[in-house]
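There are two complexes below, and they share chain A, which is joined by chain B in the first and by chain C in the second.
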Partner chain A sequence: MAYISLEHVNKKFVTRRSTIYALKDINMHFNKGEFVSIVGPSGCGKSTIIRLIDDIIKPSSGTITVDGFTYNNTRPITKDQIRKMGFIFQVPNLYPWLTIRENLELPLKIYHEDIEKNTPHIEFLLDYVGLKEYADSYPSEISGGMSQRIGVIRGMVHNPDVFMMDEPFGALDEDTRETLNIELLKIWKDTGMTIIFITHNVEEAVLLSQRVYIMSSHPGQVKTEMNIDFGGRERTLDLITEPDFQQYCTDIENLIGNISLSEIK
Partner chain B sequence: MTKSKNKVVSAINLMYPPVILIVLLLVVWQTVCTANAISVWMLAKPTDIFTAFAANTKELLPDIWITYSNELIGYVLAIVVGLALAILLCAFPLVGAALNPFIIVVCCIPMISLVPTLMLVLGLGRSVKIITIVVQSFPIICMNASTGITNVDPTRLELMQSLKATKAEQFRYCILKDALPDIFTGLKLGAVMSMIGGVTAEMTGGNSGLGSRINYYIGFSKSSEALSCVIYIILLGAILYAVVSAIGAHLMKHH
Partner chain C sequence: MEKSKISRRIAPWIVLIVIILLWQWICTAFHVSEHLIPKPTAIAAALHDKFALSIWPDALVSIRVMLIGYVIAVPIGFVIAAIASQFKFIVRMVLPILILLMVTPMATLVPEFKLFLGVDPSLKIIIVILQVAPVVAVNTLTGFTYVPQKKLDVMRGFGCGRWETFFRVTVPNAMPQIFTGLKLGSILCTIAAMSADLSVGQGGLGYRISNSAAVSATDTAFAAIVVAAIIGVLFYSLIAIIEKKVSVWN
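On to the complex of A and B.
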């Protein structure tokens, strides 16, 4: 059975002027340890999906199950369940008034955990992304790429099983983005986490994921899913020039592209 | 070492333009008064005012004490009332919707129009003065704090929600810190408003405090003495403002 599943999930946003159907009849599943990307045109509700899984917002109807625990718009998620998840934002989202270390300790404080007991783990994570010497700096004193590395490991301080990433490297320059993608693959291999990765960058999705959900917009629906398999080859940046990599990208872009074109018209 | 030296240099750089301007204005004022032989009751010379300022300090001490202590008590109460109300209004939107118009109305009342009525009820003692200060300055503190709390950065708040933080935790770790700049804008404005309130009440009735002293001196056309009282009022206002700004700057070092 899938580790995470969404069944017949609908989400509508009611504003004073109109009702927007953000997601329509979403059925998805994510297996334990799997790296899955969700791609689609902007406004297709891909970010909404992980916010629903993380219970930041409630579905209008349908159910979500994580590790055997089912929740919906009337039954909320428990604190034990939420601890299994780590959420990474599009921006680093570090609190500027806290040092890097204090930012990393914040989730532990909210989870009422012993900070001192977790200090070695935080040191380990800082070392892991090579930012140990910046522990007592403030976010304004480090670069965008460094900040997002901290943003990523902040999602790991409580040892979650699932990583939900909302276009985490979208705001970074190409080089930093590639570096962080490779670092993310290493984290995934080292931890065996389940990763749900939202992106509008098709190359990024193909490079990282084992499976890609392709969505269409107005309303947000799952158009299709695609397995990405490179046989035994390691996922590195060298892969990008391979013909089968290019083929995957073209296929996905065509699937998304048709929709975007009709939207423009 | 160099860092602290740089700090001193930048502080001096900030300070000398206003100091030069003040000195220049005083010189012009003094010259105009002397050259045109303006009567002292029409416009006192700066030297007269400073002489009166130095000579009257001892006599004025009880009044200075009353004005300053009322002011501090009133301002602190206004901060407590203003911030508590802001939290209440933001935590319970229904209460907020009901009370917001009242707060705006209170903010719009020039207290001088209300003080005589208040004095009929409360007499001319301390309480009416402190109440005037509180009523004059809590709405602006409350309104600014409410703005800060309501306009919390949604992404920062989302982090709290993703961690399933309770409302109290969200407030403590995120909302309060994010709202500090607005809160301190309100506190600074509140300091200014509280000075207006305090002196207004003293000038309207009663015979204690710097406000009533100004009335007294003006009654005898002693404008240099009256203006020397104004210096004490300005001094307290400036100190309050500076202290609040310094606390704000310390708390928001990394904002």
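On to the complex of A and C.
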């Protein structure tokens, strides 16, 4: 059975002037330990999907199941269930009034965990992303790439099973983005986490994921899904020039492209 | 760099000294009556002569009123802002009233209060509270209301409820506005206490000022005004220093 599944999920946003159908009849599943990307044109509701899973917003209808616990717009998710998930935002969203260390301790405080017992874990994570000496700095004192690294490990301090990442490196320059993508693959391999990765960058999706959901917009729907398999080859930046990598990218881009074209018609 | 820093520090004092010298010179050169505008030297003399006897005891009365009033008003302002901020319709309901209260000079209501309380000693404190609480509430409420959605989403992502989010994010995020309210409150606190002295009587610097002026002891009145101003500045500075200590991240 899938670790996370969405069944017939709909989401509409009602404003004073109109009703926007953001997601229509979404059915998705994510297996334990799987790295899955969701790609699609902007406005297709791909971010909305993980926001629904993490209970940042509620679905209009349909059910979501995480690790056997089902919730919907009437049955709320519990803090214990949310604890299994870590959410990485498009911008790091660190709190400027807390030091880096305090930002990392925040999830532990929220989940009433022993800070002292977890200090080695925090030190390990800081070391892992090479920012140990910045532990007592404030977010305003470090660069955007560093902040996003901290944003990523903040999602890890409470040892979640699932990582939901909303275009996590989209705001960074190309070099930093590539570095962080490789670091993310390392984290995924080291931890065996389930990762749901939102991006509009097709290359990124192909490089990182085992499976890609391709969405169309207005309203947001799942167009199709595609398995990405490179045999035994390791996923590194060298892979980008390989023909099968290029083929995957072209296929996905065509699917997204066709979707937008058919919409224009 | 060091030099410009020093000159920036000194500049305001030089302006102040020039004004005082000019004041002294005009009073002397044009033979201005001591009862109209006393010379700075006369004010200094009055300050020296009357300080221990009358000005300082009256200052203590005012300071007591200010501090008690402020300490009661600030939590009231916070609680109003905290509750109102959690419910959009309450914000719309209370904000105009708070602003109305904020701009009403409370000392003008003294005659009305006297009808109910007589000349109760706590009357002055009530005036200070009524003057300070609204300005603290309005500014704090502004800070509590405009929290970037992204900062709130992080807490939702952790499964935090309304009040946990409030204390962990909304309050620290609103620190600049909270301190704006506290600083404006400290200014209004001084003004309210002095004007309460004027209309209530029963000691206090405001009372000393009007009493001295009434018997043409203008030099004493000015000396008391100087002390009132210094108290106001010190109070404001104290809050500003606390702000710097608390908001180390800026």
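By our rule, the second predicted complex is superposed on the first by the 260 of 265 C-alpha atoms of A that agree within 3 Å, B and C clash if a C-alpha of one lies under 4 Å from a C-alpha of the other, contacts with A are read in each partner's own complex, and residues count from 1 in each chain.
Rule of thumb we're sticking to: a residue touches a chain if its C-beta (ideal position, glycine included) is under 8 Å from a C-beta of that chain, and two chains touch if they have at least 3 such contacts.
Just so we're clear, the structure is a prediction, and the values are computed from it rather than from any experiment.
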Open item on the list: Both complexes share chain A, so when I overlay them there, do chain B and chain C fit or clash?
Closed with: clash
Open item on the list: For A:Ile110, using the defined touch cut-off, is the partner it touches chain B, chain C, both, or neither? Pick first, second, both or neither.
Closed with: both
Open item on the list: I'd like to know which partner A:Tyr95 touches here: chain B for first, chain C for second, both or neither.
Closed with: both
TODO: Please work out whether A:Ile82 is in contact with chain B alone, chain C alone, both, or neither, and reply first, second, both or neither.
DONE: both
Task: chain B and chain C contact sites that coincide on chain A, given as residue numbers - done: 54-56, 77, 79, 82, 85, 87, 89, 91, 93, 95-97, 106-107, 110-111, 138, 140
- [ ] Provide the residue numbers of chain C that touch chain A in the complex, in ascending order.
- [x] 150-151, 153-160, 164, 168-169, 172-173, 175, 247-250
TODO: Over in the complex, which chain A residues touch chain B? Could you list them?
DONE: 54-56, 77, 79, 82, 85, 87, 89, 91, 93, 95-97, 106-107, 109-111, 138-140
- [ ] Can you check the complex and tell me which residues of chain A touch chain C?
- [x] 51, 54-56, 77-79, 81-83, 85, 87, 89, 91, 93, 95-98, 106-107, 110-111, 138, 140
- [ ] State the interface residues of chain B toward chain A in the complex, per the touch definition above.
- [x] 155-156, 158-165, 169, 173-174, 177, 252, 254-255
